[in-house]
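Each of the next two complexes has chain A plus one other chain: chain B in the first, chain C in the second.
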Partner chain A sequence: MNWTHLALKSLWNRKTTALLTLLMVSISVCLLLSVDRIRSDTRNSFSNTLSGSDLLVGARTGSLNLLLYSVFRMGNATNNISWLSYQELKSHPDIAWTIPISLGDSHRGYRVIGTNDDYLLHYQYGRQRAIEVQQGVWFNDVFEVVLGAEVASQLDYNIGDNIVVGHGTGSTSFEKHDDRPFKVVGILVPTGTPVDKSLHIPLEGITALHVDWQSGVKRQGKATSVADTLAMDLEPEAITVFLLGMTSRLKVFSFQRLVNDFSSEPLLAVIPGAALQELWQLIAIAENALLAVSIMVIITGLIGMVTVIIATLNERRREIAIFRALGARRETLLGLLMIESGFYGVVGLITGYILHTVMMLLANAYVQSHYGIALTVGWPNESMIYILLGFLLTATVLGVLPGYRAYRQSLSDGLSANL
Partner chain B sequence: MFKKLHKLSVVTLCLLAITALTIGVAVAKQQDYIPVSWEQLIPADYDLEALQNNLIEQYDSEILQSGGAEADALYAQLQFLQDNAPVTKEYNETRIKIPGFVVPLEFDGDKITHFLLVPYYGACIHSPPPPPNQIVYVILQEGVQIDDIYYPVYVNGLMRVERMDSELGAAGYTLYGDSVEPYI
Partner chain C sequence: MTSAYAFELCDLAFSWQKNTPATLDIPSLSLPLGKSLFIHGASGSGKSTLLNILSGVLVAQRGEVKLLGQPFSSLSNRKRDRIRSDHLGYIFQQFNLLPYLSVLENVLLPIKISALRRRGHSRHSIALIDEAKHWLTQLKVPENLFQEKISRLSVGQQQRVAAARALIGSPEIIIADEPTSSLDQKNVDNFMAVLVDQCSSIGSSLVFVSHDLNLVPYFDTSFALQTSPAGSDL
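== the complex of A and B ==
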């Protein structure tokens, strides 16, 4: 009879214990795989958000803060850039293009972005991909809005709908700019970035929204009509940030210096990639802690597995004694128990991987809509494969422990009469 | 018997030859990259300090100390000098190996694909920016993951001196990187 077959038959005989042990091992594998996957998916979604921009300029704050609020729409801006400063910096000969962005208003929890045509022309994500209008056109008038893909699908908006923009960035706003609705003229292609969760209106639209507002409150009884608003000078007084591309990337540092030393206003210019790297070095601490915890869980799982095998040896005394009596040598017994622990390792790994894949697929919709991170499924990366191979090897080799014990015990008490 | 031995030794010889060839190619490939230091990227006949001193001498130092428009003008000219420092063509189209610090520009996932290589870290804030001949723009086919950008690396690749913009005639170094290795 085949030894593998025998080992599996013996395992089947103890199926409840075996199943629970298997569950323990697979959950520990699933945890490790998921932690690693979420880590790389988070990084991917962050790094895919912005591409091709050489500098990010905003009011003076921390470089991470500037990156987070302007590109990832996390947190709030600390201050604005005056329109004059923007015009002055924009006219520098080394600048190829700029994208002005004005933040601070929202629509049902989604951020409203004031910008201009340069956004469509120069904003890039992923590996230097430009954004595209999927339906309709880019805005061309003050009271027009272009929706991100997710805004359109979640709120069920179509071209031609009128929407009202709220003040502030909460999920609802009690003070709405409801006297000046915006008409949906376009919907962008899905990008998997915060662009999907944004509403884009012209910079002039942002100014127009705030025509009757003074010191943060709406002036009572003085509603300027839409026609009158349009007749006003809607040139913005300030923008929140701007992205820019240089004529040559070698000039990034000197222009950054120029912005940081800008005398008429305290401004900050950061290289998005460098700030992103800074962010990663910061979150690497948390990532490593999580990874360490999941490796600890794997080790706990393996120790648990060995404990279970050793514990079941007691009820298998007779079985092993019979093997011995039939002429099983030490190597055979070791092999038998290594097959068992190896089985836990291999099947635990496979079911753990399946569990992990199912979990990622189920969690994807929620995580995508709440955190904007697309969870992916796929084969583990190279370093993870080495860890998993190490896990398999350890699991199999650990079978030696109960195997040796079984061999030592078998003769002394397996055949004794008082069993 | 003898024949068999002979056959074996031929096989062994062949194997040895292949091994030697492989090692030879590997060594040759390593030697392919000429080590270059940052000083070598500044043209030998170029002396920024002398040029700057020349400029400063044209101004009255007492007026300069009080600041104002004249000091600004001088500062702008000094900056212009630095921004347009010339590059050397010596390593154009050569495979070089150069150490430096990475300032990431573009990512593919968590791998850096485009970055600026600079001779010292903190090129960003604390000191005036390095002149164009002390920055190398690196483009990698395969991105590289760098966990800590405070540690320097070696970049191996093909150096090209490219005219970046026609207007000012400024040129710069672009390195088409084959590999990035830690600086030891």
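== the complex of A and C ==
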């Protein structure tokens, strides 16, 4: 039995207070770790959504806005690109491939994307990974649909099911294209990106949907049959956006300038990475605010811990007098209380880390399906490790405050004070 | 440390604040080794202050304290704390024991902390436990209580456990601060008999403070502390 042993036994003797203090410290550590982890997971998730595309081209708008609605399916396009302009730009000799995308329709809250075979061929996410069909095939006919993995699992759709696409992007669309159902022919491999939350139909399918529609409203008294629709020319008049790859990275800037100066209609070409940087700058403000709050919580936790230790000193006067009678020096009392505060630091860190890990594991399924962000668990990164070491050191050194106070108290009480 | 005296005080004065009359003013007081001293006085006469000076927690503004023939009051705090751990056994008025340790663990504390008080005993923990059991037995603490929690003991038993803790490792000086004030008469007699007996068996000097003058016969000498400055009377 040495002083360390005594300090811990004494702490155990006050276990209710000690456990609550420990809880306070661990929650503050858990918050810091979680905020940091969610921050890096969010960045990874956004960065992994699109890769391989050199430029995004859409109607003129903010570059961030273009990135958000075309890649992340957030917000809506303000305008379209005419099919003619698309064809003209597409035929430029420096362009290796393009993926046309037409947005604006939805199915039970999930976005419907009009595209073509190039999507399957050229769309890449993560580290240059291509889209793959897990079940069935890619669409080959106007009224066929290929589902993202999450759409299929959440709405419990299988190959061969018929689904109806609604107009607009709300989950309860009043206007439904219910006279022209689509047949599920394929389901994609899960990607952890917004692709999982999309329904893919041919561009011609989008056009076919809107036969008999004018300015977003169904024309009364007119219903073209499916057979007649198929006989019509379904070449789209416009698309919302297109992704493209250049034959050489060096030509990206000159083509970007060409698009931005395009004379027939106002267009915007952005480099996805550059727009993403703009997004980070925006998000960084919120991230820093969150980080500042969690550091504040850590500081509050430490202040709370010292307050609790100091508050218990009064009822421990007897104990301290006994220690002093046994020969405890000033350093012994400082040490005893540093062991106590260091204990809160170390055990608070460990339980805080466990709490954080459990929380991430539990929240992962929900966050993944609602926000498309994969939460990860693992060791803190290097800068976080330094912050945590600083926390441990501070927690231990803070024990000096109550320790010194205990010594002063023991001098004025003396050994013979009868408390 | 060989000296004829357990402690010697010379021209001692202590006051809690500057420029106030001294709480304690003792021209001279000493106790030969192996003898017992009874200190009595009214409340506020400075009994507690004197014990704190003897145990080295307080330092007098004036005068000299020698402990076991060595200068004591002029030492650093650290050295006085060390001497207290090695050469002094202390018994409080009450609440002597740590509630989160067993009876046996409480008694073992001094020899766990001071290497010097382990002197003469094997460092082996079984030998130390035997030593603790020996003292508990000498002080008539029933063996079935050795592993018990402190809260299971009566006040009289607690004070005897405290005495066992003061005696373990045979320190040269035992200081007792009104240890009988919370005991009934039967327990007082019981406690005094074993304490005085055991102190003399190991040759320890006993400094005992109390306001109960009935205890005087147990001691070799007595000393009255007066509220006003007074001379020694050994």
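By our rule, the second predicted complex is superposed on the first by the 415 of 419 C-alpha atoms of A that agree within 3 Å, B and C clash if a C-alpha of one lies under 4 Å from a C-alpha of the other, contacts with A are read in each partner's own complex, and residues count from 1 in each chain.
We adopt the following convention: a residue touches a chain if its C-beta (ideal position, glycine included) is under 8 Å from a C-beta of that chain, and two chains touch if they have at least 3 such contacts.
The structure displayed is predicted, hence computed values, not measured ones.
Chemist: Identify whether chain B and chain C fit side by side or clash on chain A in the overlaid structures.
Modeler: fit
Chemist: So, does A:Phe253 touch the first partner chain B, the second partner chain C, both, or neither?
Modeler: first
Chemist: Answer with first, second, both or neither: which of chain B and chain C does A:Glu319 touch in the superposed model?
Modeler: The answer is second: A:Glu319 touches chain C but not chain B.
Chemist: One more residue to check, A:Trp12. First (chain B), second (chain C), both or neither?
Modeler: second
Chemist: Could you tell me if A:Asn2 is touching chain B, chain C, both of them or neither one (first, second, both, neither)?
Modeler: After superposition on chain A, A:Asn2 lies in contact with chain C alone.
Chemist: Which partner does A:Ser26 reach: the first (chain B), the second (chain C), both, or neither?
Modeler: Touch status of A:Ser26: no partner.
Chemist: Is A:Gly327 in contact with chain B, with chain C, with both, or with neither (first, second, both, neither)?
Modeler: second
Chemist: Going by the contact rule set out at the top, does A:Pro93 touch chain B (first), chain C (second), both, or neither?
Modeler: Only chain B; A:Pro93 stays clear of chain C.
Chemist: Across all Cα pairs of chain B and chain C, what is the smallest distance in the superposition, given in whole Å?
Modeler: Between chain B and chain C, the minimum C-alpha distance equals 38 Å.
Chemist: Identify the overlap between the chain B-contacting and the chain C-contacting residues of chain A.
Modeler: none
Chemist: Okay, in this complex, where on chain A does chain C touch?
Modeler: 1-3, 6, 9-10, 12-13, 318-319, 321-322, 324-332, 410-411, 414-419
Chemist: Spell out the part of chain A that touches chain B in their complex, as residue ranges.
Modeler: Within the complex, chain A contacts chain B at residues 40, 43-44, 47, 51-52, 54, 93, 127-128, 247-254, 256-257, 260, 271, 273-274, 276-277, 280-281, 284.
Chemist: Note which residues of chain C are touching chain A in the complex, please.
Modeler: Touching chain A: residues 47-49, 51-52, 55, 57-58, 77-78, 81-82, 84-86, 88, 90, 92-101, 105, 108-110, 112-114, 177, 209 of chain C.
Chemist: Any idea which chain B residues touch chain A in the complex?
Modeler: For chain B paired with chain A, touching residues are 79, 82-83, 103-110, 112-116, 118, 123-125, 128-130, 132, 135, 137, 146-149, 164-165, 167-168, 170, 172-173.
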